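Both complexes below contain chain A, partnered by chain B and then by chain C.
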Partner chain A sequence: MKVDKRLLFLLPALFLYIAFTMFPVMKGISLSLTEYAGVGEATFVGMDNYKEIFQDQRYLQVLKNTLVYGITVVIFQNGLGLIFAAILNSIPAVRDAIRTALLVPSMLSLVIAGYVWQFLYAPMGGGLNELLVSLGLGSWQRVWLGDSSIALFSVAAVHVWMFVGYSTAIFLAGYSGISSEVKDAARVDGVSPIKSFFYIDIPLLAPAITVNITLATIGTLKSFEFPFIMTAGGPDYATMTLGLRIFQLIFSEFKYGSAAALSVVMILLVALITVAQNSYLRSREDKI
Partner chain B sequence: MELKNAVAGSLLATCMFSLSTQAATELEVSSWKGAGAEVANFPLIIERFEEKYPDIKVKLNYMARNDMVTSIPARMQAGNPPDVVMVDAEFILHWGGNGQLMPLNDQAYVSRVQPHLKRFLGLGDDIYYSMLQVSGMGVYVNDDLFRQAGVESYPNTIDELVGVCKAFNDKGIQPLLMAANNGGWTPYVYFLAMALADSDTPNPTRIDDFVSGEKKFADDQAMKNAFEGFRAMINADCFDPMVSAGTDPWSVALTTFQSGRVAMLPQGMWNITPFSNDQLPENFSLHPFPVINGSKPVVMDYNGPGWAIPKDSGQVEAAKKWIDFWMTDENLKEYLTADTSITTLQGGTSGVPSLAAPYEDARTAGQVVTFPVGSIPADLGAEMPHDITSFMLDPDQDYNAILARWDKLVEKELN
Partner chain C sequence: MDGITIKSKVESVDSSSNSKLASIFCMRNIKQGSMIFLMSAVTLILLSPVIYMVFMSFRSRREIMMEPLALPTKFHFSNYLNVISDMNYLGTVMNTVGVTVVTIILVSILSSLAAYPLARLRSKVSSLVYVFFLLGMVIPPFAALTPLYLFIRDLGLLDTYAALVIVYTVGHLPLGVFFYTSFMKAIPKELEEAATLDGASPLKIYWYVIFPMLKPITGTLAIFITLGVWNDVVNPLLFITTNEKLTIMPAVLRFLGTYSVDPTKLFPAAVLASLPLLVVFFALSKQIVNGMTAGAVK
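And then the complex of A and B:
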């Protein structure tokens, strides 16, 4: 059998891929089958760590929180991003200046943003509640991070605030790919701006929608920073996400095996959702 | 010829320099204190150490505590750890428990440590570290708001606290903030202060009985009373549970207390310095926690960090000198003054100002419990703050179910 010598050129890349991607993943999977405190010997415990994840009510709540957080952020970040992009695209004079302004929050450090929002959300004298009072909306005041029923959404709102400009920028790039002739033809035919948005813009923005939704999904399902800084998963697990729980298992509880098992679950969850989502969005693109 | 002389001279100088550097021992010390926001007089102490031991050069390797969780084990596993590492009770449990730390039982400093602290220096009979400080938790009081509400004496019990809360509420002053955001730390600390103080002179090993399974949380009246204490405080509007749950104890709670919005704030002794530096609140003091199981208030000790020697340390003798040097009153007091904390040495000098006198008096009288970090299973330590916050937000729930769950977590650990 003759081996194509050109395949030899793949070896360096293959080596790097195995060494820095496959090996750590495999190591993580093997670690997830052990009990390990970071030093000393790891004890093989089989599937015990996985059993605990799927039997413990707390972990199930963490999975639910992560999904709710992900769905909320993906919908609002992309929905608002699309609306902002549509508005900006129709006002070219201010588009470039505003586009930069919209990106400013995403340039901030996550730690600083989380810390600042913690003060804005403060129940006693916090900026948001004080603003609501000054606008005559005192009845809308809430304990944003202390009420278990809304705390997760309060944290998600900060995520949306931070990255909505990012989504807007991607949608604006998508808009630049839409031929002005199509829009002009629609206008000549008397199509209203709303109809034009739903029947022309959205279908033609399909690639941008795919990119935005995929990036936002991956980013939020792994989300750790905002829940860590703003609530540390509280009150009473209301904002505990997979990423944060993994962090706590290692840094607070020294349970490397359990953390690895939860990481494997997270990888599978992210992969499963993004593959399903992507195949749907791609097939939608193909139809268009 | 001149060139030859120059080359020979340079070679000689290089050799001498190299010999002189070889003669000096470099002691690598990894610590999460000593730089950044916690300089804690390290430069002065290091300077004194290097003066006393001119053949030892200290290389302080500052890193955040969380970074130590991952980087130090990797070096320990590779057999190349720092010569000295800063540790606390959690590290002792995991690193000491896995044989990565050198026993220090025969070191001279051990005899200088206060007797009641010795059981916290290691695991079982092995001593693994030199505890540098005891910090503590109590209740900060805004003295001006107390005067404004006409409250003349600090409450010793929850019953008295309930009366004080009424006086504050009548004046429109928020009595207390049980800041529970970011991990439920404050209610956890307050609950433990009430629950572990089973009498006016609490049994210091009480928590060990629960962890060993000898006692059950669900059968313990003092634990149940602690929940009742929370209920009484909530019913008396001592604090708003939801507002407390939404307030971060490490940032927002501090500014809320400093701005005079609340009369009492359970917090750590480490805030004395920042509060004093800001002169906000203008007049404040640190007091013990009002109790439910007795008549005298208690304080909560937080056993602080200290030095340990990894078993594969390359400079054991220098490391032992470093530890011994720190554990002398002359040097330790410099650190304690900067870090506002209590000495671990017999007859040592603490770095606590007079405004914490009520706190120190209670401690001296034995009205003290110890924060159980490192002495309870990790699962239990992680769950208790969440459960207590959950109770705080829904005080009508049956606390017996919570206590039974804690017993199950202990059982799981024992199995």
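And then the complex of A and C:
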């Protein structure tokens, strides 16, 4: 049997991918069964790291925070993005200019956006509270990042702010694939714009919805930059997310075994959610 | 097709009275105008933090303390000069550009080479390898950080650019393989078959026939890699210990720290760190938007 020579082309990429991605992932799984501080030998501790994760109230809060954060961002980023795209699609004169302008925040990095918003949210002299006073809405002032009941949502709002333009751009790309005849026919038949949005636009935008929800989910579940810079996970763990906790375990507590265990939990969580989401969203697409 | 719709609309309008036509157009214009106004206002609100960032970067500490929301009265470029020298701005930008360029070259060659058999061969092996690569896209970059660190340490690559290039290259391979495989499937096979008949080797065909055709998708991939490298803080913080070798975002992070940040440092640093990507974005906005949204439409 003659093997196709082109299969050899796979080898360089495959070798690097196995050596620097899959091998470390496998090592991570075995490391998660140990206690290791970076030097000396790792001591085998069995499932202790996992037991700690699932018995410690704080870790349950971290899981809850991560999910609440993810769900909030996915809903608002894509909901607003869809509305913006629907409106922009009806005003071709300014559509491209506004689409570009809305993308500007997503060109800043998470670190920069985090710093700027930390300053905007500052309780004294911060841009947001000052603005509220000058608008005569002084009673709306909050300690945006210091109040544990709203801090997680304040941070999530920055995520939405940063990436809503990206969702809008993807939905607009979806709109460009909808033929104008369908919408014209609906209009001639007297279908109201609201109805045509729900019964024509949304079903036909199914692929764009899939892409947007998947990207936003993966993006939020693994991000740690905003809580890291704006709140350091506080107040009282209110904004501690999975990504940030892993970051802390590695960079400030040097508990590599626990970090590896939490990473394994994170891989499983992300994989589970994205697979479930994708199979649901794809089956929705196929029905149409 | 569009022409036909318009024509039929014109005919149907013709049959009704002219005044009705005028009022329809008028209504439409008012509606369009108000929508344009609404979206412009929304855009302005969303951009206001960016505008605020730029204005604040020119104000002195005293001005910011006295009136947090006022416009700059005069432009304090001294803020910028301090940050540029204290942060080693030019050096970190050059580091970032260097790492980005090398990563783009390596990812585009390695993953397009791998994608070639994956797109052309219909065998169990190739589809298995393809799925194996895609698996890498759902693994969060955090997942293997500790073992990766130990591995890089054992290779003696700590505190080298090579460590960053390797990590970024490998991290983007799954995306590259995914992009190139789907792109190549759409390229007709005739050219390759002709070249094979002429006796060209598979490697020659890949390099002279296939690779030049991959320019558009390579552009898209380059955008994703650039954003990934510029925005990453974790890997440089982990692998680089010498400040002079840091890339831009970790340099900003180290420069500013995380508690009680001085606004006369924060805002100029934020503007400077964002500037290179924003310039590229405005220069290539059309290609970037097309690249980022590719795949959203079937």
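In this text, the second predicted complex is superposed on the first by the 270 of 288 C-alpha atoms of A that agree within 3 Å, B and C clash if a C-alpha of one lies under 4 Å from a C-alpha of the other, contacts with A are read in each partner's own complex, and residues count from 1 in each chain.
Note that a residue touches a chain if its C-beta (ideal position, glycine included) is under 8 Å from a C-beta of that chain, and two chains touch if they have at least 3 such contacts.
For clarity, every value in this text was computed on a predicted model and none was experimentally measured.
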| item | value |
| --- | --- |
| Partner chain(s) touched by A:Ile91 [first = chain B, second = chain C, both, neither] | second |
| Partner chain in contact with A:Leu110 - chain B first, chain C second, else both or neither | second |
| Chain B versus chain C as contact partner of A:Asp236, first or second or both or neither | first |
| Chain B versus chain C as contact partner of A:Gly136, first or second or both or neither | neither |
| Which of chain B and chain C A:Ala37 touches, first, second, both or neither | first |
| Contacts of A:Phe119 with chain B and chain C, given as first, second, both or neither | both |
| Which superposed partner A:Asp4 touches (first chain B, second chain C, both, neither) | second |
| Touched partner set for A:Ile250, first chain B, second chain C, both or neither | both |
| Chain B versus chain C as contact partner of A:Asp147, first or second or both or neither | first |
| Residue contacts on chain A - larger count, chain B or chain C | C |
| Doubly contacted residues of chain A, that is, touched by chain B and again by chain C | 115, 118-119, 125-126, 232, 250-251 |
| Residues of chain C touching chain A in the complex | 1-2, 5, 9, 12, 32, 35-36, 38-40, 42-43, 46-47, 49-50, 52-53, 56, 64-65, 68-69, 110-111, 113-114, 116-118, 120-121, 125-126, 129, 133, 136, 138-148, 150-151, 166-167, 169-171, 173-174, 177, 201-203, 206, 230-231, 233-234, 237-238, 249, 252-253, 256, 258, 261, 263, 266-267, 270, 273-274, 277-278, 281-282, 285, 288-289, 292-298 |
| Contacting residues of chain B [partner chain A, same complex] | 66, 69-70, 73, 76-77, 90, 93-95, 97-100, 174, 177, 180-184, 240, 242-248, 251-252, 255-256, 259, 261-262, 378-379, 381-383, 385-387, 389-390, 393 |
| Chain B-facing residues of chain A, complex | 37-41, 58, 115, 118-119, 121-126, 143-148, 151, 230-237, 248, 250-255 |
| Chain A - residues contacting chain C, complex | 4-7, 9-10, 12-14, 16-17, 19-25, 27-28, 31, 36, 84, 87-88, 90-91, 93-94, 98-105, 107-112, 115-120, 125-127, 130-131, 134, 161, 164-166, 169-174, 176-177, 179-181, 184, 188, 207-208, 211-212, 218, 221-222, 225, 228-229, 232, 243, 246-247, 250-251, 256, 259-260, 263-264, 266-267, 270-271, 274 |
